[in-house]
Amino acid sequence: MIKVGIIGATGYAGGEIVRILTGHPDAKICWYGSRSYADRPFGEIFQNFFRIVDEKCVDEELASLAEQVDVIFTATPQGYLASVLTEEILSGTKVIDLSADFRIKDVAVYEQWYGIEHKSPQLIPEAVYGLCERNREAVKQARLVANPGCYPTCTFLSVYPLIKEGFIDPDTLIVDAKSGTSGAGRGAKVQNLYCEVNENIKAYGVASHRHTPEIEEQLSYAAGRPVTISFTPHLVPMNRGILVTAYASLAKPAKEQELREIYDHYYQNEYFVRVLKKGVCPETRWVEGSNFVDVNFQTDPRTGRVIMMGAMDNLVKGAAGQAVQNMNLMFGLPENTGLQMAPLFP
Amino acid sequence: MIKVGIIGATGYAGGEIVRILTGHPDAKICWYGSRSYADRPFGEIFQNFFRIVDEKCVDEELASLAEQVDVIFTATPQGYLASVLTEEILSGTKVIDLSADFRIKDVAVYEQWYGIEHKSPQLIPEAVYGLCERNREAVKQARLVANPGCYPTCTFLSVYPLIKEGFIDPDTLIVDAKSGTSGAGRGAKVQNLYCEVNENIKAYGVASHRHTPEIEEQLSYAAGRPVTISFTPHLVPMNRGILVTAYASLAKPAKEQELREIYDHYYQNEYFVRVLKKGVCPETRWVEGSNFVDVNFQTDPRTGRVIMMGAMDNLVKGAAGQAVQNMNLMFGLPENTGLQMAPLFP
Amino acid sequence: MIKVGIIGATGYAGGEIVRILTGHPDAKICWYGSRSYADRPFGEIFQNFFRIVDEKCVDEELASLAEQVDVIFTATPQGYLASVLTEEILSGTKVIDLSADFRIKDVAVYEQWYGIEHKSPQLIPEAVYGLCERNREAVKQARLVANPGCYPTCTFLSVYPLIKEGFIDPDTLIVDAKSGTSGAGRGAKVQNLYCEVNENIKAYGVASHRHTPEIEEQLSYAAGRPVTISFTPHLVPMNRGILVTAYASLAKPAKEQELREIYDHYYQNEYFVRVLKKGVCPETRWVEGSNFVDVNFQTDPRTGRVIMMGAMDNLVKGAAGQAVQNMNLMFGLPENTGLQMAPLFP
Amino acid sequence: MIKVGIIGATGYAGGEIVRILTGHPDAKICWYGSRSYADRPFGEIFQNFFRIVDEKCVDEELASLAEQVDVIFTATPQGYLASVLTEEILSGTKVIDLSADFRIKDVAVYEQWYGIEHKSPQLIPEAVYGLCERNREAVKQARLVANPGCYPTCTFLSVYPLIKEGFIDPDTLIVDAKSGTSGAGRGAKVQNLYCEVNENIKAYGVASHRHTPEIEEQLSYAAGRPVTISFTPHLVPMNRGILVTAYASLAKPAKEQELREIYDHYYQNEYFVRVLKKGVCPETRWVEGSNFVDVNFQTDPRTGRVIMMGAMDNLVKGAAGQAVQNMNLMFGLPENTGLQMAPLFP
């Protein structure tokens, strides 16, 4: 039984880790870290866990807690983990970080986009970017996994086969993404109040969202050369879900069927990536509560472009689910252990 | 492995049975009955099951299908099951009916409130009203279970301890209930369109809703005398969830603590009924996707009344989950097999 | 042209006063009071007024501002107005208070339910409770109007005719109310975040909500004797709207038609109260954005009760609209001046 | 007083025309055309108009009705107006068509994208495309106005200044649009049920939506050469609102300030187009219920692209409001008569 600790258990992503692990046959949560709600029963903060989780939240140092568990999930603000993580901690405990601290290899890029100093750049090289479908083997060996951002996960899986195979021109790639509101976190801000979000849609972080360099870095690996994209996220009045609509010009002539075979080829053995049938668009409702990513594409002969689409649950495959998927890999378990729940609809 | 057939698999309740049973260790769905979508892959109607369920929907006779399975769930319009069910079918297969056909013992009451003739009244006596917490032992022996309505389940469990113990005056009981829109079904009606339901709340079926006699019958058993109530359902702009707010005058003086002990006593061994702590109101978000019912109450010394509240997921404990709970009992399994998923929040 | 000042212009009720008055032919807003957003353009806080309102928010003393306007609307926290209002201010300016400070005649009741000391009890006697349909003539003469609470307005108008005529037993009155989330205000609280409110319904303030004594006081005037009620508000995932479902036992035999004639009689000359046709339930969507209150009732011969229902927009008739209606009366204008906008649907 | 007739008054766009005209000082609706609800009081179909509109719906021939009014609004399915409109009708009555029948000048393009034969192609040449900000003078002289589609209106106004001035390369234009559900109409379809739309976002009509050629035709006029675009609409769980996010490469170097001056120049005298301040993104909540279109843009030096955004209410500026704006122009009224209502928030 894997002993698990969660730092930041009372945020939305933290709560989702708890939900998933309560149904996981080989893991047991040993402590629920929360600064805001220390000493209060976790099941009274997230009342859905009333009588399911009896433990209280704790607020302790990472180092001391690390001694008690096999793996730590950090669902914490940017900069936290980098400021407390040490070689000593890593020598005894695996860490899966849901923040952005170890996702970007170039520390200068991190510091520029996040506007903070990185306090442990020496640990960046060993961190594995935990996009399982891409870095499966490296994850299995990792001590420190940088769990990917929600937008990067959905974007990458939606466009990866065509960019990898050179069918689209990376310089033309435009990613228009839409997210449910849980992605904005559980902090008390006016802009996230019900009446501010409901009956509204807006773009935000236009040409400046922090997930941009993360997406670009991963796509660059796939393309084999630097990729610069346009990325625009939007806030949608729903709790969960991310939809990516990505546009790119075909780099060489290709028939629908040819591209479809590439998608099928890349994802035929992936449990969590579902390539939909021709003409069926991904919709967030079909993946809610699950770790699936639904992807599909549509060619447009009029413009010579291909429109690539992906839908997933931002809290599951975009955060907690992928984190558990990484944990499974790191501990030699079947990748989908505890993650086979069907999506909830409606 | 229990072989399962579902008639009406492509409605919301039917789809929820599928969701739950895909995670059930001891049951296997053998056919997905649907008149509307016969011959179409189930996973294309409910796209959440794409690549999870590969079977096609079928539209066959109850009798012939009954031979292939151990238990049939009927999530069908009122009157259907009563018109096709026979002793022969029941002699070979168990039936769990999610419609109202066998919930009410007095056929005249059924025919009056539902406005249709009951085609197999001779089978009513043997049907067991499948409110597990109440009729557990009878369910275990049953061939035919009438799965309770959503409002009756939530109402009954919310008020049962106090009415059973004689603490409230049944003649003063008023039940004001609120339901998410999945309770209205998947039929294409203008009144259930997004723009008609969203940003709106309304009462409906005032003083005339069909669940009224069902609630009254069950409460009468508990009270030991006929009970007549006011029951008003409301439609709430959300997918899932039922909240019951029930009002009654205390029949005898009682302190908060005394009533609390009664609730605790009645439900202390019930896995699915969670008596919340004093002052915590049930909320539908804390039970979504799960089979839990959260109940609590508040006394009001100013009026001499007690306000009893209950929240549950109408598609789970109010339909599919309770149906599976009944199946577990009927087949000798632990009652919560396949039903231990934690609620999904947010 | 009436010169208007608003204190608390950047809350939801304050913003709604601005919306209504921008379409009012005889009023002009001279200052937009806001502590939180002082010196910022109002049209950048409520971006819907961009290029419609060019003025900046101000944060000044009530006394000095009072000299510049004919009437002040205070949409402020409980206790504020009572702490700053003086006879001198009232001698020069009319005040319409949207807080609860002057709604309750018995200062002890106010202090008990609101938990704060009332700083100017000497002004309570002259304050007129601004439920226009009830106190029209008094409002016309008033210097200080206590604009009614949202729940009290909707409750009172829903039950008034029957309680006034003695058809219902006041001791049996139970009010189950449902409100959209704008009623919770624009403060940054976790409980009002989108993901906490969406897909949820809950009761709150059970047997303890502050609007209870306000409702009881007004109903007592109507009944001619003290009235004590059960009142339970619920939070609904929608922006606007209040629905009241009220239950009471008939005090004397009455036919549906007889009660209908009473409703029609009481409201036939009321522009803003619409008695719906028999069998049509009030719904909040049909009044959104308008000052209308839709009311209706249903008798229930089985229980001897009558169910009375009312729907209105909590920000309009429940706050800003009624405040403007009061202003119209106080300044000798036709009551519906600037308030004739049709409800917005969908 | 302009006498108005509406065909299709009981759809969402039709109902919105009624809402706007009930507040219009110079127009009076003489008949409410509806095939589905003939002979039923309009105020019982759209209960928001109860006691505001007393007339019954009628189902009569266009020709006979045309004799009774000065202007007809047709909010009807594609193909209807083209099948019944005649020179004789136009000789006596002005027609403002909210369908697509007369929007596209090339009848072959219309027939290809809409899949139906155009029954009165001879009337196409005289129809004026009623995008007031673009064709103001022509509208004033028109007998037949083709009211623009919702997506085309929002797209055009968002990108027009930069495409007209040659700052963006039309071949690179990608339009990603998001719409509330009222745009899908009031027909009873499963896909538009509350539970299907709520908690979901999806693309639809990818590379095939019918508004594509309409947008392209108008942009071609602006660009002075044929324009082919990618256009992808998405369905958002909200009642009203359209948001357009449009991407294009700069055709020549340009500073932010330079582009801003162009927007300001083009729209400085436009009452309904609000160019937001730098850094403020359009949001649909800020225009709900009004005829405003909020536009803004963001340059992205990293990619050499400019992201242009626009938000409006699809039922107002995208349908009924623009139709009334056209009516005002056609009858010599100030363009914003009856259309000055401030947006409703929240």
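Per-chain residue numbering starts at 1, and chain names A, B, C and D are given in the order in which the chains are listed.
Here is the rule we go by: a residue touches a chain if its C-beta (ideal position, glycine included) is under 8 Å from a C-beta of that chain, and two chains touch if they have at least 3 such contacts.
Because the structure is predicted, anything quoted here is derived from the model rather than measured.
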Length of the shortest touching-chain route, subunit B through to subunit D: 1
Distance-maximising chain from subunit D - centres being C-alpha averages: B
Which of A-D and A-C has more C-beta pairs touching across its chains: A-D
Centre distance in Å when subunit A and subunit D are each reduced to the mean of their C-alpha atoms: 38
Centre-of-Cα separation between subunit D and subunit C, whole angstrom: 36
CA centroid of subunit A to CA centroid of subunit C, Å: 46
Per-residue multi-chain contacts in subunit C, two or more chains: 12, 182, 195-196, 198-199, 237-240, 283, 285, 288, 346
Residues on subunit A engaged by subunit B in the complex (per definition of touch): 12, 15, 18-19, 22-23, 44, 46-52, 182, 199, 239-240, 274, 276-277, 280, 283, 285-290, 294, 340-346
Subunit A-facing residues of subunit D, complex: 172, 174, 176, 178, 180, 195-196, 198-204, 206-207, 228-230, 232, 234, 236-241, 243, 245, 247, 281-285, 288, 298-300, 302-303, 305, 307, 309, 311, 346
Subunit D to subunit B touching residues, read off their complex: 12, 181-182, 186-190, 192-199, 237-239
